[in-house]
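Here chain A shows up in two complexes: once beside chain B, once beside chain C.
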Partner chain A sequence: MKFGVIGGALALTLGLAGPALADIKIGASVSETGPASSLGDPEAKTLKLLVDEINAAGGVLGQKIKLFLYDDGGDPNKARTFATRLVEDDEVVAIVGGSTTGTTMSIVSVVENAKIPFISLAGAIEIIDPVKPFVFKTPHTDRMACRKIFEDMKAKGFSKIALISGSDGFGASMRKQCLQVIGEFGITVLAEETYGPNDADMTPQLTNIRSKAEVQAILNPGFGQGPAIVTRNYGQLGIKTPLYQSHGVASKSFIDLAGPASEGVRLPGTAVLVANLLPANDPQKAVVSAYTSAYQAKFNQPASTFGGYAHDGLRLLVDAIKRAGKAEPKAIRDALEGTKGFVGVTGTFNMAGGDHLGLDLTAFRMLEIKGGNWALVQ
Partner chain B sequence: MPELLQYLLSGVTVGAVYALVALGFTLIYNASDVVNFAQGEFVMLGGMITFFAWQAGIPLPLAALLAILAAATIGVLLNKLAIEPARGAPVASLIIITIGASIFLRGSAQLVFDKQLHRFPSFSGDDPLRVFGATMLPQGLWVIAGAVAVFLVLWLFFARTLTGKAVLATANNRIAASLVGINPNHMMTLSFAVSAAIGALAGVLVTPITLTSYDLGVAMALKGFAAAMLGGMGVPAGALVGGLLLGLIEALTAGYVSSVYKDAVAFILILVILFARPQGLFGRKAMDRV
Partner chain C sequence: MRLSQKHLTLIVLAVLVALAPAFFPSNFYYRIGALIFVNGLAVTGLVVLIGFAGQISLGHAGFAGIGAYACALAPGYLGLHPGLAMLLGAVLSGGVAWLIGRPILRLKGYYLAVATLGFGILVSMVLANEAKITGGPDGREVAELGLRSALASIGIGLSNAQFWYAATGLSMLAGAWIALNLHDSPSGRALRALHDSEVAARTVGVDVARLKLSAFVISAVYASLSGSLLALMNRFITPDVAGFLHSIELVTMTVFGGVGSVPGAILGAATLTLLPQALTVLQQYENLILGLIMMLVMIFMREGLLPSIMRRLKGKG
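Up next, the complex of A and B:
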C-alpha cells in the first residue's frame, strides 16, 4: 500500500516532469553589462522577448524553448567559461551570442570541439572566413559597410576622401577593412587622422582635413561617443564637405547626441532603424514592423540594429530546427547551412557551404539624417 | 595661422577639462596623502545625475546643484563607510580602497541609471564663437571659467583660511594636529565632500562637450591624474597648469605631428618632466625631518 502511494507519486512526478525534459535547450552568452553593453543589452532583451513569444505561440515542433542566458560582461574568458557550461552542464543544442568579436572567438573554440551550432552576433569577417563548420553569424561585416559607403560615394562622383577613425577595436578594424576594398571603387585617401575612444575634442584633426581642399568627402569609422563628438566638431568648424558615418552609430541616440550638425550625415544602416519608412511592398516590411513594435511595447525604447542581430540569430535557429524536424545539433547545423530566402530584420539570408553569413549589400540601406530623423537614400 | 589658433583653442578647452578633474585630487591628497582614484566617478556622477534630473523635468541649474550635493553626500559616505574604518592603514591600502570604491560606484551607476551615452544642452547654446578664423564652443569658456574659479577658491582656502591650514596640518602630522585641537576625522570628511563636489561640478561643466556615460570616470581620472602629477600633486596651481599643458601638448601633436601619436607624445613628455622634477612642475620637494 505504502509502496503504491510512493510509486504513484513517483509516476506523477515523472509524468509532470516529462514535458520539461523534452524542452529544446538553446544557450546564449551576450555582453549584457560591461563595455559592450550597448550591444549585449538589446540582444539579451530581444532573446527573452522572442522566446516568450515563440513559447506562447506553441513553441517549436510542439516543444517549448528553454533559454539559458548568461552575461559575459564583454570578457572573452568569461564567454569561454559560459560556453563550456552551456555545452557540458546545460546540454544545449545550439548557441546564439558573442556580442563582440573577442567573446565570439572564445565561444567558437568551444563549439567547434563540441560540434554544437553557434550563431555569432559580432561583426568581424574572421568569424566566418575561413568557414568553420559549426559557426554562423547574422551581422554584416565591416567590409560590406565599407563597400556600401564607397558605392554611394562613387555614385555621387567622390574619388578623393579623408578618413578620421577611432583607435578603438571597432574603428581600427573597420578602417583596415575599408582600406582593403577602397581600390575597387577608384577612391583614394588624401588625409588620415585618428582619435582615442575617450577624446573630448577632434577639432585639430578636422582642421587638418579641412586644410586639404581637394577632399570631397569625409569618412568616420567609429563607435561610441567618438563619432558624435566628431560630428559636433565638424559642425563647429563649419566644414561643408559631406560626412559619412559607419553602421557603428546607426541608432537614434546618435542623432540626439550629435545635434543639428548631424543634418545631412550619411551612413549605412539596417531596416530596423527605418521600419516606418519602408514601402509597403518591401519584403522586410512585415518582419521588421512586427519586431520593432513588439520591442517598443515591451521595453519602452526603440529597437536597435544590435537587437536585430539577436532576433535574426534566434529566428534562423528556430527555422532550421523546424526544417530539420528534430532538435539535434548536427541536423540543426545542416539545416542552417541550407537556409534560403530567409527574411530577417537585418536582411535576407541565403546561406551556403562556403557562406555562413548569407547576406549581400542589399541588406544595408543608405540612410541620411534629415530634419533630425532618418531618411532613406534612393 | 587660423590652424595654429584652432589647435590652441582646442588644447585649452580639453586642457581645462583635465584641469578641473586634476583639481579634484588636490584636497583629499592634501588632507591624507591619498590619491583618490574614485575621483573620476564623481565626474561621472555629476554628469549622470544632472542628466537624469534634467530629463525628469527639473530645470538644468537646479539639476546641476542637486548633482553636486548628491555627489558630495556620496563623498562623505565613502569616507565614513570605507576610509574611516581603515584609519591607521598605510596610504597604499587607502588608495586601493578608493580603487574599489571606484569600481563599486561605476557598477552602481550602471544599475541605477543605464548604459547609454547622454548629453544635456550647453549652458549658452551651441553656436561657435569665431576668433580670427578659428572656432570655440561657448561651453569651452564655461569649463575654463570653472577651472579657474575652482583653482582660486582652493588657493584661497589653503593660503588664507584657518580650516585650509588645518587640512594641511592633518596630512603633515595627524597626532600633532589632534594635539592642537584639529579633529582629523572632520578634516577628512570635509575634504571628501568638497573633492566630490569639485568632481561633480567638473562633470556638469564638461558633459555638453565630452558626453557622459557610466564608464566615463576611468578615462577622466587617468588624464586628470596625469595632469595633477605633471603640475605637482596637491598644488592647485599645478593642477591648473598641468591640465592646460597636457591639453595643449595633445592638440599641437595632433595638429602638427600626427593624431596617431597624440597620447604617446603627451605621456613621453610627462615622463621626461617627471624625470627632471619628480615632484612635478609646482610640487614641493618632500622633506622628512630626522
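Up next, the complex of A and C:
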C-alpha cells in the first residue's frame, strides 16, 4: 500500500518532471501563390492535411509532427531565404518543397551546407543528376515522361512525329530531354514548332504541322495554358493526327480548358488522376484511394498530381524517420537513401546511393481523355 | 567639432550594421541582413535617379539582371574571376544605360516610365529565352566568389552567412557614402535643381541632358552591383532577378522609405524586406497587410517613412 503510494507519487513526479518529447519539426517552402500556384497550392494543402492526419493517429515515434510551412510565391530568392529560415531559425530536421526547378535549385545549396535532407517537388533531372547527398525528389523526370510517350507511339506504329513545344522552362527542358531519348525508339521529328508562354493562338504553327502529310503524331511538351490552346486550335483546324500532351497538364483543369477538342488526347499521368479506375489488385490502389478521397473530402476539389508529389515527399520522410528510429537529419538521410518498395501515389520508390528519385516507368500510366474524363490506356 | 549631416548619417548606418548581429537570435538573421543591404544598395542608386534627379525608372531590375548574369556567365564563358565579372557587369550596365538613356531620357513622366519598363521586360525576356547561354527560366548556378576562403587563410574565419552580411553591409555603406557625397557636390545640387524645375535649371545653365544621363548611368551601376551581389550570395540565379516585379519592388522600397533621402530609402528596403518575414505567421493576410501598410504610409506620410518621421520629431522639439 505504502509502496504503491510512493510509487505512484514517484511516477507522477517523473512524468511531470521528465522532459516532454519534443515535436519533430519538418519544414516546407512551396509556391502557394504566384505563377506556380497551380503546383504549390495543392502541395501546401496536402502537407497540412497529412500532418493533421499523422498527428491525429499518434504522430511518428510517439512524437507529433510540427510543420513549418512558408509560401515562396515562386521566387527563388524568397525560397532560399525561407530555406535558410527553416534551417537556422526553425531548426527543422528535414525540408519538403521547392515547387519549381528554380526554387528547388536555390534551396539545394542551403540544405547541402546545413546537411539537412530535402525532398524536392520539382521535375528537372538536374536536381538529382549528379546525385547530391541530401537532395531527393518525388516527381518523375521529364525524360521518363518522354520515354513513356515514345513507348506508346512505338506500340501504335508511329515513327514520324511533329513537335510543338512551349518556350517556357518546362516546355524547353522537356523538349531537350525528349530529343535526347527519341533515337532509342526509332522515331524521327519531321516538323518542329514553338510558342511563347503567353501566346493566345497557335494556329499558324499547327497549320505548318498539318501541311506535312507524313506526320503520324503530334507531341506538345508544355505547361500551363499553352497546351490547352494548342488542343483547342488542333480541334478548330480539324487535324486528325493523334495528339500527345505531357504530364505537365495532367489535371482536370486541362480538360476543362481545352474543351471537346481534348477528346482522344493521350498523356502520361500518375495514378492520382485515375484513382477510381485502378483495378482492385493494383499495388497503388489503397494508398491512392486513401489520399484522393481524404483530399476531396477536406477541400472539396479533386486531388492533383502535384499534391501527390507532396504526399509522397512527406510520407517518404515519415517512413524514413520511423526506420531510422530517430528524428535526426543524418539518420533520416541515410534511411531515405535506403527506401525500398515504398508505395506512394506517384509510384513505387526504390532509392539507392546513385538514385535519389527511385521511380521507374511503371510510375506513369498512359491516359486518354474520353468523354471529358480520364481513361486508362491498357 | 560639429559633424555634418552626411557624416552623422554614415556613422549611424555603420553602427547599425555593425551592432545588429549582437541582437540576432539565430544565423538566419544574417541572411535577412544581407538581403536588406543588397536591396539597400540598389535603392540608393534609385535615390540618385528618382530622389535627386526626379526621373522615374520601372526597369532597374533589368540592370540587376545584367549584373547578376555577368557573375553567372563570365566565369564560365570568359574564364573571369567572379569579382572581375561583377565589375564587367557594372561596366556593361553603365554602358547600356548610357546607350539607351540618351534617347529615352528625352521622355518625361509616364512616357519615361513606360520606356524604362519596356527595357526591364526586354532584359528578363532575353535572359529567359536565350536558354542555351543563360540556362533559361530554370536559372543557372553561379561560381563561388572565393573571398571567404581567402579571408579564412589569413585567419579571419567567417561563416557563409556572416561573410555575406559583412560583404553586402560594407558595399551598401560604400554606396551610401558615394551617394551622400554626390548629394552635396555641385553636380548633386544641379541634379536637385533639375528635380525641382527642369526649365529653371536649364535657364541657369545646367546641362540637363548630360546630368539626367549621368544619374541614370550611376543608378544602373548601383542596381547592377546589387544584382551581382545577390547572384554571388545565392550561388544560383533565375531571370526573376530582372523581372518586372523586382523593378516595382525596388521603386516601392525607395518611395516607401523616402525618395529623396539615402537613409530613408535604406529604411524602406529594410522594412519591406523584413515585413514579409514577420508576416508569415498571418499567412493568407500577408499581402493584404503589406498593401495596407503601404497605402497608409503613402496617404499619411507622402515624403516617405523617414523624412516624415524626422519632420514630426523636429516639429515637436
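In this text, the second predicted complex is superposed on the first by the 357 of 378 C-alpha atoms of A that agree within 3 Å, B and C clash if a C-alpha of one lies under 4 Å from a C-alpha of the other, contacts with A are read in each partner's own complex, and residues count from 1 in each chain.
Criterion: a residue touches a chain if its C-beta (ideal position, glycine included) is under 8 Å from a C-beta of that chain, and two chains touch if they have at least 3 such contacts.
Every value quoted in this text rests on a predicted model; they were computed, and no experiment measured them.
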Which of chain B and chain C A:A294 touches, first, second, both or neither: neither
Touched partner set for A:P260, first chain B, second chain C, both or neither: first
Partner chain in contact with A:Q225 - chain B first, chain C second, else both or neither: first
Which of chain B and chain C A:I125 touches, first, second, both or neither: neither
Partner chain(s) touched by A:A331 [first = chain B, second = chain C, both, neither]: neither
Contacts of A:R80 with chain B and chain C, given as first, second, both or neither: second
On chain A, positions contacted by chain B and by chain C: 33, 167
Residues of chain A touching chain C in the complex: 33, 70-71, 75-78, 80-81, 84-85, 87-89, 100-102, 105-106, 108-109, 113, 124, 126, 167-169, 172-173
Residue ranges of chain C in contact with chain A within the complex: 25-29, 31-32, 35, 128-129, 131, 136-139, 141, 160-161, 230, 234-238, 240-241, 276-277, 280, 283, 286-287
Residues of chain A touching chain B in the complex: 33, 35, 37-38, 41, 167, 193-201, 203-205, 207-208, 211, 224-225, 228-229, 232, 235-238, 253, 256-257, 259-260
Complex contact set, residues of chain B against chain A: 3, 6-7, 9-11, 13-14, 17, 110, 115-119, 126, 128, 135, 137, 206, 209-211, 213, 215-216, 219-220, 251-252, 254-255, 259-260, 262-263
